[in-house]
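In what comes next, chain A is part of two complexes: it sits with chain B in the first one and with chain C in the second one.
Coming up: the complex of A and B.
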């Protein structure tokens, strides 16, 4: 384990001041499942580790024009939260697929965003729900759509002195259904070979009013497949139409070959799982109408 | 260096540690509680499972400073004197282990499940226990041990 000095601010203002002071030499820690592994492998060697666990302003889940989720909410708490299951079932479902109960109990939703790992399950779910990230510096606060948050492999738009404070999930459209599929050919606790989150909203006439398709483990960043979404807008929600749109996903992704599969295999699996996720979301949307 | 104060297996403990000390190192090396095993060291295998305020975590990924002010339960802390915990009895009775390296983690993970959900379905047991790996027995007898302990309570 690399050496570091641990600091534990009691408030967000104190944390922002410490981060502004130490900037380049500091890393924030919440659950630690991401950062501790990186530090044990000496891929990250911060002089200062700033622990966020004592900051009450970052905890809690509340309902107000949708859901506001404190950055420190654990993945496990979101999987079982009645509020989340009612207002954002897609997020609860994705959280249930994250690693193991230990990792879910330690890892936080804010941490999952700031970590920037494209293999995680929660970013595509948030993208498919039009989720937003609230981030704060001493200069002020901004709100960033999740689909514009990730810039590259383990890269985000966050500035050095910026802290993710909240995740916002707007009220989901009426008559919408969602699906989350995580393709795991090896073990249940693995990262996805490819993961897909979809949301389909149907109009009064049964045609698709709006579609959302997002993928994890399919590129250097979590991606949104806008071509698939556009191809479905205004169309019928039958299996043929959904299946015909699914192959368009290959233009949105750029998977890397690894022990979970070749790039070619992952592209094929992305098409298959986008189709299945669209069919499942459309079926749920029909039930919801 | 800093001093952490925690409740360890029901007893108040105060200790000076390095800032970068991991919880598994603190438990095994500083507190000599070697029932907690470290195997993969990257949070995957579950051998180092301990309970932090009743919640299962990987001690190999937790900073010891994050136990400050909280309650940690290890395998040494669940028997009542000479009387084994019902899960320990059940693992013995149903042969829920062979070499034993994964067993402390299995039992603590199962304890957290039964504390939250005393009568889980088999599917709930499997979903919860999925991250605790055993390379000897296969999982049938582990699941059986937990299901039997749940029935007994």
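Coming up: the complex of A and C.
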């Protein structure tokens, strides 16, 4: 690792000022589980590392028109939070699949977004729940849908002086069920070969009112499979219908070959796991009705 | 404990080790007891001293610049800017160090590359600086100009007549190590890039194959894997004003390492002192000097002590991982499925240097080939070949995991081809008392069939199973090591306490605890009365170090010899105190000495002796090394998997492991060796692989090099068949290299049983299984 200066602002305003001052020479650090690895490999060599841990305004989980989750909330705290389990069980489930308990207790949800790694588990879960990201600069605040947040491999829409402050999860539709599948064929502590988050809301007649399908580790960014969603809208929620829609996911993804599988294998696994996740979500939705 | 109806013992890993069996002849105080690690508290409280913990005044940090090319000529190196960086104390290149090459047998490893580089990761220059950060910054200031040369990465290609020759120079080697091998060995034969070719023959395999009822031929490939120890290679060298070279290094055999270092740097052995340190895992990977020589030259150039710690990137890309291997087996069987002959060709890819291992070729590459079976005719050819890849070393039963994967898959394939149950195939061919091993060696205590049967019974081999579930087994045979000199000293203090001084570190196996138990048993005292003192290489007697599951056997013998002498000396003292003849002295179960009408305890006796200048009392002991034990042990593994036909994913559901054991010195440590070895084998079956691209290791961090986690481990049941003791004191045998070798084949055999897909390469990948399922479907 290349030596750097560590700064630890006590407030968000102070952090925003430091970030504005040091710009591209600075990196923000929360849990550090992503950044430190990049620094150790010398892929990122910041002169200044700005620690966010002292900023209390970025912590906490509250219920207000859904959930508001402070950017510094750890993955572990979300996995076990009663509020999250009640209002956003898909997020709690996804968090339970993140790496190991040691990583989960350090890594933060805001960090997982800002990191921009398409292999992470939480972005697809947030996309499937219509999650939004609140980000601040000294000039003001904006809210960005998670499915429009990622721009490329480790790339996001964040400006260089912008800080993720909160994650918003709206109230989930009545009669909806969710599922999160992380396909880990080698070891249980790994990036997914492909991960799938789904949400299915059923109407009073039992047909699909609305579907959400999002994938991780399937392209340069976390992706939303809108074609699958559209194909299911208004349809019956039987296994055949769900299974017939699943192959449409291949147009939404563009996986890369790596140690976790060839691109072709990942495409096939995306189809299998989208189908399985849809079936599971539909079953849960039926239970919820 | 669940006691099976016969002599079996079960250790249920889910609820700790609940059983033990103590032979009537034991005291019940030491051997056989679940004694806590003697170094346990020091380790868990952080007080244990590892090489990286040693701190000295003026200590510098050393780092190395490594080659980005697999094969290149070094045109020029400019270190001017690096030397000028404040805080840099010495910068070395190949031009600054002697031409002497290092190696444990083949002397082919330069301290720093001289003129050429032979693999991606080879050390080209070294820097010692005030901090690691300054040293790393200095490395970036070194300019090296390379002219790339042709490179070769696979052993098969390296043997072709047109292949580039990786070591055109005549490589020196220690002839003694070559002489210890049986069979027809040629070092550096006239085949391009071959380090060694070994041919071992027993019987007449060619004739048996020519006239056989049926012949089966299969080929297998096993990748290189890393040993996976937690502590990276670490060393620290300090040169005293008097010229004494002090070394702290994570090395499993300090005395031998000292001898190699002396030869390499031209300093007498008694002017080098390897100091005792705790070792954070070895698994065979810490037998070499690794960075110690460059560390010495940096310390000499800087005039200050230097510490070097490899980071995990360096460990994975430039450590000394296990040799990858390709193996072809041809086997003849008779109409009753009895094995008549095996013809085996094993090719080990050694990487760019051969010197990380102390032998011409890997013993497991031939020594235990088909060792569990009766094969009257056997012909084995083993080649070890240079390539422009990371140099390979030893890892836990060197060569055996690769070859056993092949043999145990092959036997399974033959069984299926003959329509025979795989357990029955193995039972029918299991070596039994009176049989010679496939290499023609005579061994006693052959309980192969009993071990298989015990495991099969506990596993429920014959019970019905659901679709998608598969069951497989594998077996392996390996004797304890009885080679190499071990010397120890026992000292009994004026307070009656006993200290064992030995030259072997505890590499993490718990050996120091075992040694304390062995000592305590001889004197029928509890382990609390025994201290373990690991001496430095000047103060302790010669010790050949941890390897080939030898320590309990060889140090056990040395301890027994020292204890016998000490008992005689104590009896003489007691006789003097009690005014009788030494032959009248009896030793009680509590360790006290008695004569007719008189008695004295050890502590009182030693107090009395101290007043007369006769305490403390020290006795030396040494073993009588044989080349190998004539006793051996067997293991049988059973694995159950579930295969997802849609994804190819293999889930390991259950493992039963049956072990033919002697006296278990410490049931906790023993079970730890079994479970640790199995987990290591699960990694090698399911996920671990050093992947190369253009010769460079690209699984360069633990995010991509996948070790198994606790969540990947299946339900495990251990079956022990006691009573198989060896010739070592207290009828112990070995466990260290028994559990990690054969399991991968049991798992791939189970995959075949589940879905009919045969994997002939490790590790298993879901994608490969799915490809196999597709091929099946399209063939149907």
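In this text, the second predicted complex is superposed on the first by the 289 of 289 C-alpha atoms of A that agree within 3 Å, B and C clash if a C-alpha of one lies under 4 Å from a C-alpha of the other, contacts with A are read in each partner's own complex, and residues count from 1 in each chain.
Just so we're on the same page, a contact is a pair of C-beta atoms (placed from the backbone, for glycine too) under 8 Å apart; a residue touches a chain by one contact, two chains touch by 3 or more.
Model, not experiment: these values are computed from the prediction.
**Student:** Which chain makes contact with more of the residues of chain A, chain B or else chain C?
**Tutor:** Comparing touch counts on chain A for chain B and chain C gives B.
**Student:** Taking the superposition on A as described, I'd like to know which of chain B and chain C A:51 touches: first, second, both or neither.
**Tutor:** A:51 contacts chain B only, not chain C.
**Student:** Go through the superposed model and pick first if A:32 touches only chain B, second if only chain C, both, or neither.
**Tutor:** first
**Student:** Does chain B (first) or chain C (second) touch A:272, or do both, or does neither?
**Tutor:** After superposition on chain A, A:272 lies in contact with chain C alone.
**Student:** Does the superposition put A:259 against chain B (first), chain C (second), both, or neither?
**Tutor:** second
**Student:** Classify the contacts of A:185 with the two partner chains as first (chain B alone), second (chain C alone), both, or neither.
**Tutor:** Touch status of A:185: second partner only.
**Student:** Can A:2 be said to touch chain B (first), chain C (second), both, or neither?
**Tutor:** both
**Student:** Of the partners chain B and chain C, which touch A:100 in the superposed model: first, second, both, neither?
**Tutor:** Both partners, chain B and chain C.
**Student:** Once the two structures are fitted together, what part of chain A is touched by chain B and by chain C alike?
**Tutor:** Correct list for chain A: 1-3, 37, 100, 188-189.
**Student:** Which of the residues in chain C come into contact with chain A in the complex?
**Tutor:** The touching residues are 133, 136-137, 313, 646-650, 686-687, 691, 699, 701, 703-704, 706-709, 711-712, 763, 765-767, 770.
**Student:** Applying the document's contact rule, which stretches of chain A touch chain C when the two form their complex?
**Tutor:** Per the touch definition, chain A meets chain C at residues 1-3, 37, 41, 100, 183, 185-191, 193, 259, 261-262, 265, 268-269, 272.
**Student:** For a test of understanding, state which residues of chain A touch chain B in their complex under the given definition.
**Tutor:** Residue list for chain A touching chain B: 1-6, 8, 29, 32-33, 36-37, 39-40, 49, 51, 53, 76, 96, 99-103, 105-106, 188-189.
**Student:** Which of the residues in chain B end up touching chain A in this complex?
**Tutor:** Within the complex, chain B touches chain A at residues 2, 18-20, 22, 41-44, 46, 49, 55-58, 61-63, 65-66, 109, 112, 127-128, 130-132.
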